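Per-chain numbering from 1; labels A, B, C and D assigned in written order.
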Amino acid sequence: MDFSLSSERQILFDTLTKYFRNEYSLERRNEAASSDLGFSRDSWKSIASLGVFDALLKPELGGFGGDPIDIITVFEAIGSGLVIEPVLNSALMSSMVLSHGSEQQKAVSQAVLAGEARPIFAHFEDLEQYEIHSVETQSTESGNAFIVNGTKSAVRHLVGACHLIFSARTSKTSNEKDGISLFMIPLETSGLTFETFESIDGGIVSDVTFSNVRINKDSLIGKKDQAISIISEAIETGTLALCAEALGIMERIKDITLNYLKTRKQFGVPIGKFQTLQHRMTQLFIEIEQTRSAIMNASFWFNDSVETRKKYLSAAKYTVGRVGALVAEESIQMHGGMGMTWEYDLGHFAKRLIMINHEFGDEDHHLNYYAKFSA
Amino acid sequence: MDFSLSSERQILFDTLTKYFRNEYSLERRNEAASSDLGFSRDSWKSIASLGVFDALLKPELGGFGGDPIDIITVFEAIGSGLVIEPVLNSALMSSMVLSHGSEQQKAVSQAVLAGEARPIFAHFEDLEQYEIHSVETQSTESGNAFIVNGTKSAVRHLVGACHLIFSARTSKTSNEKDGISLFMIPLETSGLTFETFESIDGGIVSDVTFSNVRINKDSLIGKKDQAISIISEAIETGTLALCAEALGIMERIKDITLNYLKTRKQFGVPIGKFQTLQHRMTQLFIEIEQTRSAIMNASFWFNDSVETRKKYLSAAKYTVGRVGALVAEESIQMHGGMGMTWEYDLGHFAKRLIMINHEFGDEDHHLNYYAKFSA
Amino acid sequence: MDLSFSNEQENFRKDVRNFLRDTLKPNISSKMKLGILLSKDEIESWHNTLNEKGWLAGSWPKKYGGQGWGVIESFIFEEECSAVGAPRILPFAFNMLAPVLMAFGSDKQRGYWLPRMLNGDDWWCQGYSEPGSGSDLASLKTSASREGNHYIVNGQKTWTTLGQHANMIFCLVKTSTKGKPQEGISFLLIDMNSDGIEVRPLRTIDGEHEINEVFFTNVKVPIENLVGEENKGWTYAKYLLAHERTGIANVGLSKRRIGELKQLASETKKDGKPLIQDPIFAARVAKTEIDLANLEITNLRILSRAQAGGSPGPESSILKILGSEIGQEIDSLTRRALGRRATIHVPNILDYGYNGPNISPINAATAAGVYFNNRKTSIYGGSNEIQKNIISKAVLEL
Amino acid sequence: MDLSFSNEQENFRKDVRNFLRDTLKPNISSKMKLGILLSKDEIESWHNTLNEKGWLAGSWPKKYGGQGWGVIESFIFEEECSAVGAPRILPFAFNMLAPVLMAFGSDKQRGYWLPRMLNGDDWWCQGYSEPGSGSDLASLKTSASREGNHYIVNGQKTWTTLGQHANMIFCLVKTSTKGKPQEGISFLLIDMNSDGIEVRPLRTIDGEHEINEVFFTNVKVPIENLVGEENKGWTYAKYLLAHERTGIANVGLSKRRIGELKQLASETKKDGKPLIQDPIFAARVAKTEIDLANLEITNLRILSRAQAGGSPGPESSILKILGSEIGQEIDSLTRRALGRRATIHVPNILDYGYNGPNISPINAATAAGVYFNNRKTSIYGGSNEIQKNIISKAVLEL
């Protein structure tokens, strides 16, 4: 039993957090976030050159990491820097999906590693909350092509991507988990329309609509109708990464808030001397420690059976959701007015932390999942 | 709009609380609670002589009160005194049930008013939690009699009662709410067996089992198969009363705890000077005020449509359940070791307050009910 | 005990309802329902509409141009306004400054400022908080030193809501450093167009510009703009705090918003079924609804006690705490109900000239922003921690 | 990072499991599972069984008769014992007094008292708390004044767990009133059979007799019963508090109890279906189960840090807080699962000679009593408030 990182991973973590602290200021981050692209191409390249993608990907995907521990190590650092570049989707999840594709498709994944391509994987739709198998986009075979109709909803980082990877139903079956396939097409494919929106936590999200979009047969990734397990694996890996990102954010918020409690004075003393705030801050500290444990647990069981993986992953995402809201809300409250202002760091971390609850399932969704797996 | 009690009710409330404070000491109460009977016959008679039953019952039942406000006024006082006598069941609920009965049956109810009879109404069974229509006791017609089989579970105050009022299925119908009838039999009817247990909050509870008990046809109360609305009304009235009892207990716990916070010293100052305890005590105060509002609301809507009554009654019982647990647990915690001891008043109030959550539905049960009615 | 409204009160409710049906513009009510900040023109226009009816300051005594409403009438009015998404009357002039002027101002001040409020001649903002003194208001540092017929004011105020529109600000300033901090504070009315005043926007975390910093550098203020006595400002401020509380439970607003939440949750889906049918989500909504139903009675109990005994007592801190917590819970459930789409942030969706895409459901455009913005409600006007201190000391005597 | 146990550790786990299967009597394990207090004989008998195996004080160094277990081995042992409902080894001698004697006692004290602990010659209880000093331990008043070769002890201890069985008590006493309160405290071993000692039962709210008051009137204690130096007792007490924490998270116990809760909730019904299928109840159970799974890792993280760096640091206060809260939540859910039958209170259900009715489900006999009794777990051993103070100061440096 050993709870410390290996020295290689510790070095990677330290390198990344140092880089994010020194070179990746919140000011620059927010500037990039409010640009038309929603993030910074320069930062993307810098992150690639730091070896982040190599650490995230397994050797068979061209990296030399990819263990759950690699993923949580990198993403805790990403959270601590409030990094807004599409590392999660373009580097990690897209590569995982493309590894099931043709050589041509895998080549796109190789270009990602070099920092030269940014495909984006779009899966979720419409008003359904978080169920992975709720796919209604249709892709109908028609001679040498598929005709696609449907909408993928609130896709982060789609602006400026090179390729769109997406899921669609290719046949109706009695089992709603079957009949889903994956495709990759260039973003400029005709018939795609995009509606873009500012995102509350920075950057741009897009709705992308397919209106009788005709795509080549070789756009298919892997086997027709049988993509659900590929999708699940990518999203589960993404969920683990998001949990670690949230942890990195929580640790930063803890530091910011502790510093405020020690320096801000009211009624003549630092407000951290008030017992109520001491106990509330202690509660946050305890909950953040429990969150770290939950994520360690999820990474430990990640390569176990599918049920065990899902169970502990849901436990972690539930914990991240519940504690994330608590940390964001309590830290703002303990700051008072200062916590409400744009110019202060805290709010930006808090916004991202809350919105992580809206990706890949919120605390209620995952509590329900956990209950199913542990019944 | 007027939130104060009428002067008559205020006098009744003051009379009762004065009596319970001066004549009905906790020491005597606990002595009675641990007697074989589980309560005190003398106290029962004193309570009757104070006019409590008259205030609880409508004129058509022989009283001169019975408004929802009468009921919550009396039961808040009963809670404040931690009264253990069977006022709720024998006086209020039994009388309501018997008012639908024959003249002979009504006579028992009249004897209650005089303090001379104590019938007990037993409805709930076995391991089912709180659903009113979950009746499995069978009462089968056989010539001039009914043959009864089944068990009523954890009935308070049955020891020393004169009559047993009970519900049973008299026919199987597709609607599980139909087919239930009510009966009254003398407690000494042969074929009844009793198993008695100490109750954690004082007094005795009994399981009563019917083994081919042969009872007279005229034991039937009201119409065969159609008792569910009578049962519901009695239990709903009982639920309102229990809510008010809980409120009376909460107010006493509040007083006890406030007094402790002001007098107990640690680290050289009264512990009520510690901000954490101030804020926690304030939270209790706020929640108790909200509970009072919930009960006022429930009594205000009590004579409205059945749906509206049930909705606000469930809101009140849910609130009582949630706040009751909070008040009991927090008040013990704020007392520290003292709150854990038998010799100190607090624990006895706390036990009853918690166990009220186990009568007529706990907070989850009633939250679920409320959600149904407000959908 | 009788919780029903009188016939007169019910008739008044109908009048308000009819008035709102006839006068409230759909675009305004849509903005209110999405939590979008109204423009200066929109707010002033609504104030004028109310003033024509005589309802802009209904709770003022008739002699000052009000209707002499009691707390129940004010409650009914606010509830009906909230129910249909009518704009809130800005509190700074009508609920905050006016009661202080009525109680402590000179006849001349009352005669001059109160009619101007009704006419919309002035836009008032509040100058209380300072960077170093939020909850600890008495530690404020902005100074006013007497020079002839003027005070010379120096210092900084912050958290000045809608100060960017204001031409007048009422301030707490330090006129003496003797005695306890509370004893050297005065209440001053200051023209925002005076030389030496600078207003700087302070963006909130949702990106909105609602609050401001106001800087004072040697600002000359005529001594007739002192309210009451010098160094007695703390008394007036406390009086004001008590008056500010009347509508603070936000019962009407929260009722409407829970209704909208339930509607939203019947449109979004969880695993193929309407979200509102999910037992866990339904339980969250039911809990909030019950808390609110209880608060409605608590609110009326405290208000009717205030009706009887003058101004609301320290118990009214309960209303601030519960009102903000329930409102924040509704904010939270609304963004949850939107699932992945909650991330969308288009606060200008209803602006004239907006030509971006439609958003479905439209709540997604603002829900997250509103959630973050409303974290303020447990902070401003005396944070919920301060309210708990008040209850603890003044009610529980701890 | 590797969360798995080593092969040696897994083999040790098997040994413990086999041993428990062979030696633990069903009646004892049933009592433990129902939360029933064991008799003196039952506890001593189990201690003897463990001592024969050499596992009564496994974490002691071998030179004192222990096995030199590390924290992971101790964790495994406790987890396996909890899983099958083996009695807890009473902590007073083995986890509390012994570490103090090993660190601060004289050779003579170690040589005399430690073997007697293993043999079961003494039953130790703890004399810390006093009526006026619970969380504020340093304010204790029991005095010990030196007279020749004795201390004369006067005062009162309270909350003395199982003191009714004890023949020895280790006490914190006041030997000097100079300096800070902490500086005049000494650590004394006192024979309970001395003249002037009176033990009075203190019933807890569930009616049980587990704790006691102990009165000292001119009790003569030989000076060789002083541990370490006079007036240094506070240091030893703090050392002891840190050592007391090792098993305090109660992970193994709570795991077993959640399993039993789920079993119970599959037998009781809500609206005709097993309660465990009710989404709200299932969510409550799942939340607790997740908190516990997280605590299991937090516990191991803190313990393995302790393994590396000596005694567990102030972070171990986390374990006390979470361990008690999770345990209390299980207590609460268990009584909820029993619905109306939770009110039944028959703590003597498993006593030899009990001739009352059977109870179905049997958990009903004790669930409410256990719920109320276990409110103590967030109070004793330094209340959870004190634990939060410790974290706040020692970890967060507030």
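By definition in this document, a contact is a pair of C-beta atoms (placed from the backbone, for glycine too) under 8 Å apart; a residue touches a chain by one contact, two chains touch by 3 or more.
This one's a predicted model, so the numbers in the text were calculated from it and none came from an experiment.
Sort out for me whether C-D or B-C is joined by the greater number of C-beta contact pairs.
Here the pair linked by more C-beta pairs in contact is B-C.
If I average the CA coordinates per chain, which chain comes out farthest from chain A?
B
With chain centres taken as the means of their Cα atoms, state the distance from chain A to chain D in Å.
44
How big is the gap, in whole Å, between where the Cα atoms of chain C centre and where those of chain D centre?
Going by mean C-alpha positions, chain C sits 53 Å from chain D.
Any chance you could list the residues of chain B touching two or more other chains?
Counting only residues that touch two or more other chains, chain B contributes 275-276, 278-279, 367-368.
Any chance you could list the residues of chain D touching two or more other chains?
279-280, 283, 385
In the complex of these two chains, what residues of chain A are touching chain D?
1-6, 9, 69, 258, 261-262, 272-273, 275, 277-279, 281-283, 285-286, 289-294, 296-297, 299-300, 312, 315, 318-319, 367-368, 370-371, 374-375
Which of the residues in chain C come into contact with chain D in the complex?
Within the complex, chain C touches chain D at residues 279-280, 283.
Over in the complex, which chain D residues touch chain B? Could you list them?
Going by the criterion above, the answer is residues 129, 132-136, 139, 158-159, 202-207, 211, 267-272, 275, 278, 280-281, 284, 328, 332, 335-336, 338-346, 356-357, 359-361, 368-369, 371-372, 375-376, 378-380, 383-385.
Considering only the defined contacts, which chain B positions touch chain A in the complex?
For chain B paired with chain A, touching residues are 274-276, 278-279.
Okay, in this complex, where on chain C does chain B touch?
Residues of chain C touching chain B: 1-6, 9, 72, 276, 279, 282-283, 285-287, 289-291, 293-298, 300-301, 304-305, 315, 318, 321-322, 385, 388-389, 391-392, 395-398.
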